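Below: one structure in structure tokens.
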């Protein structure tokens, strides 16, 4: 069986595991006050070109989103997000549980537009009854999005400007940031992200770590008491150095970026394999998530050898599926998939000829 | 340097690490739907003598407390706890953040009394204005407590009865459960805990795992939708099998219990070392946390060779300190500490003679 | 100036004021434990044909919605509501502040369809990841809706069935219930509401009282500890009898219903006045709120003599407006409005002829 | 029967009722945007000597406390309050429901000491683990307190300084402010309160209004978006002018202060009546609440003619009781009580002589 279900199906990159093993019996103080955490934060600041950024390490994405958003918003405010945004769809109401509404914007294959942000805000404040409505206090976007798409540098600059012109903050969910930075044709760098967002995070869980998300706060006037908030959200890991050790391994020699680009390269190979057989991508994704609309017969055949997710309900004759590559995907996995596809086509050709 | 600061200063027991390493490159589905998690849950049910218990794995203690308590209480209810309880003191208001008051009971070296529980409840409902006050909806206790003490079986039976007579639930925080079950002179078993509590957790973070807490729900009528609540609290680990793998290693052949009893044995050796030199324990703790009131001169000397925590502010001539043993504490650590103590005594004798 | 802005612009019906004045110097116990409150609750139970219903009096609509919804939902659940529902739009995030998401359904002139409710729920539970999403725990509808529309008895029966088949509760916001029950052509009675909803409220603020909403709980298994929840929400009036006194006045001889039908009769007259001059209603409302799309010139002229609300932004040549009648609207107010309209038409005819 | 149960047992002062009646049929815009509310705010600013203060009107005390505290605190902060403070005892957890812990200080007959505030804060920040605890973000005090006591000007200056030195805000609950300002021997004026607190409220419910609390925000840097927060808390009255009209009546010619001093004068007469018969006050209260420890026989006799509250459980031979005077208490009420007391004494003397 070859696995394309998601990018969190296997453990950690072997370099990360080695480092965890090597440091396992050392004694350090807890809750992120150890030297590994300090070192990892330094490496991340350097990689971001943001020497004054504050870096905090949390365990998972939902808790990171909830903690950051809870800390950024005033009580009467909500968070703007694409209707398809993870916080609006797949976090069991974690944002609302902190008392805040998710204010939805149209989703363009997972992305929001700066114009929609501007319109929302100007229309909000031009309504006489705006004090009876939830004020937009920040914008949440994901990079890459839940559909694998990425913003261009121009788009990101414009969105950042739209937020800051309106006096709201920009938070970028980087659960899959490594894949976004390696996106085919992308002109956005980690430094750009750090410069344009007020706060963002560098996802480890899906990019080579066992778990862990590195929150980078570049705006010095926000989230001033972040540690107690992280603790309050149950997101402060007792053995905090586990996060430091992992992110040190990921950032000391560019492993994080290599994992990203390798997985994206394989995803593009995978897409080309489908396309060369006549199956078109459902979303033009330049990252490690690829979506296709496939005949149910093809899906059933592929399911015998590969594991992947249905994206939405099964259709009458065809359905949408998602294939995801990760740090552990190999070129052999792609070869095998391609071969299966070929087999199918030959057999269906034969059927057609008969 | 020898380390007695806490039981979460080093990584995981080597058997746990081996298992993580061995399974690292396997692919499994996420969020705890994998076979390792299922296996670990089975082992725990067996160890608890509770074949119908539901077992969920979370990452850390504070998030576990907040998730369970949030799920147990009705909106108008609060949680009874010892004034010294972790949820009342050291969780940055995580319980209140879910909207609930911590209703405090007197702490007897970390323990509450069944009588105080009964009195609180009867006095609450005999007050005409009780509907203007926060109703006691459950009791939180820790086993062992924050002071290393444990309840006897009689005490636990009585507390459980007090709760159930009053129609409230009993939740036991077992962050250090392994040490509590191995407590010197204790007559309480894991089966007792499972039988007397409605829900409790088996702490992994402090007892040999990298992280992880196993929530055991024995009362079938509570916490019926626990998974979405865990997700909402940001406590559902994406690579959930990491928890399954670790708890499988801890429970398949009794490792969890051996870690507990070994650490407790060393803690008792440590206490005897102090006591034999004339220093009395500040709290009669039968578990892996030991508290002493020491002359500041002794503290300063010990600090040169050992690392441990001050418990409260430094006094004028003497102060309270805490020594904690863990899975990685060795008999050599205790020998070394004893030797240092002896050195001190000889030197102070010499001084006295002069 | 004649006033059609809303139904909460003047004080209370004179019979309500008289009663408040008459009882003003009496002494009663507070927080709704007085005989007036008991009497009013009895009258309401009788009017609802629900002898076992529990009746609680709160001050305003937003607080009533938040208190009821907070009490009905489990922590992992959200409330289904029309996208146009008051709780989703105009309550400053009061529902989210209690920790719950508003799950939106399509709005058909303010109404939801039973089919959409059924589809939402079945599609929710057929999604593999439903435990990562907010579970629908109840349905909120308003009667009449924010657009003045009402459900037919058939529709209401079907919606109630859809909820109860799915095991969720139905809550009806009756902030303007008096006008809904008097709706032109309606076949829904107060008894129907009481029978089909699990809990609803009878709005006083907009129907003759100074303030006050009577919550009627007909499902005995819900909201069992409602008083402390009301207190927690800051919604328990100290001089609670003020609510009892007002609702007694409204319900002892049918005043509540007369206020409703009188206001609706005048609203229909008002609509006919517009229609007879060629202006069509924007929404087919059978209650006391009437919406029209009018040429801006007409709006400007009317504004000189009447006060009413713009509904949305002013258009280039025409705009939508809302006219509301209430307990204090007189037939002379309608006459005056009609006359103004006539004047406009004559003058524009004259202009056209020139 | 004469009533001394509380100061919210009857309706409103007749001047307030007259004004409500007189304005009843007028039409004004809702939610506090009317001219009466503007006028009342002006009068209050003038009475406070605080021309730039922002004044908002809410309905009741618990909702006011919750709304203000929710708006003042950052998410990781709690509110300091006397253990006996209303928010800690009698508001059904309304503060915790907003996510914040009440951090308790010792209560000295309802008052806190500046020294305790200073000690709490310095001890908090000197604890290594303070980021794991709830940070003190503000101080809540009541004036007068729940025991009828008041702070001297010196005490209030010191408390205000303690707060501002530590960078936290001071909020004064003035539910009974009128009686506090009229306290026997008090040197604190409304201007002092306005100058020393960052925000406070002037209670109307207990001082002559039907309901209503006027929040006065004198610190310009706090609570900048208070109206949406009030709406979110369900505390924005639709017919907002009812609050403006009442506070205008209370403040346009000093009625508020006269109600306070008249009720206090009668409370002092009442206390002297008890004292002259040999019964001592249980708390040295200089305001309208008076507490006595009385023989149960006296209590039983008094209960035949007067209504008042037991303060705590009934003792074996004597119990504590509370007598409260209000705007509707008359000198005849006090005469009657005194007479009853005298009767008791004569009869018990006679018994003693026999």
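Chains here go by letter, A, B, C and D, matching the order in which they are written, and residues are numbered from 1 within each.
As a working rule, a residue touches a chain if its C-beta (ideal position, glycine included) is under 8 Å from a C-beta of that chain, and two chains touch if they have at least 3 such contacts.
Being a predicted model, the structure only gives us computed values, none of them experimental.
Asks: Pick from B-C, A-B or A-C: which pair repeats the contacts of A-D, with over half of them the same residue pairs?
Replies: Equivalent chain pair to A-D in B-C, A-B or A-C: B-C.
Asks: Any chance you could check whether C-D or B-D wins on number of contacting C-beta pairs?
Replies: Counting C-beta pairs in contact, C-D comes out ahead.
Asks: Which integer distance in Å separates the CA centroid of subunit B from that of subunit C?
Replies: Each chain's C-alpha centroid was found; their separation is 52 Å.
Asks: So what's the Cα centroid distance for subunit C and subunit D, whole Å?
Replies: That gives a centre separation of 35 Å.
Asks: Compute the distance, rounded to whole Å, between the mean C-alpha positions of subunit B and subunit D.
Replies: Taking the average C-alpha coordinate of subunit B and of subunit D, the gap between them is 43 Å.
Asks: Specify, in ascending order, the residues of subunit C that touch 2 or more different other chains.
Replies: 75-76, 91-93, 97-99, 131-134, 228-229, 231-232, 236
Asks: Please output the residues of subunit D touching subunit A within their complex, sorted ascending.
Replies: For subunit D paired with subunit A, touching residues are 31, 70-71, 74-76, 98-99, 131-135, 225, 227-229, 231-232, 236.
Asks: Taking the complex as given, what residues does subunit A use to touch subunit B?
Replies: 1, 3, 5-6, 8-12, 14, 17, 20-21, 23-30, 59-67, 91-94, 97-98, 205-206, 210-211, 228-229, 231-239, 242, 307, 328
Asks: What part of subunit B is in contact with subunit D in the complex they form?
Replies: 75-76, 78, 89-93, 96-102, 126, 129, 131-134, 313
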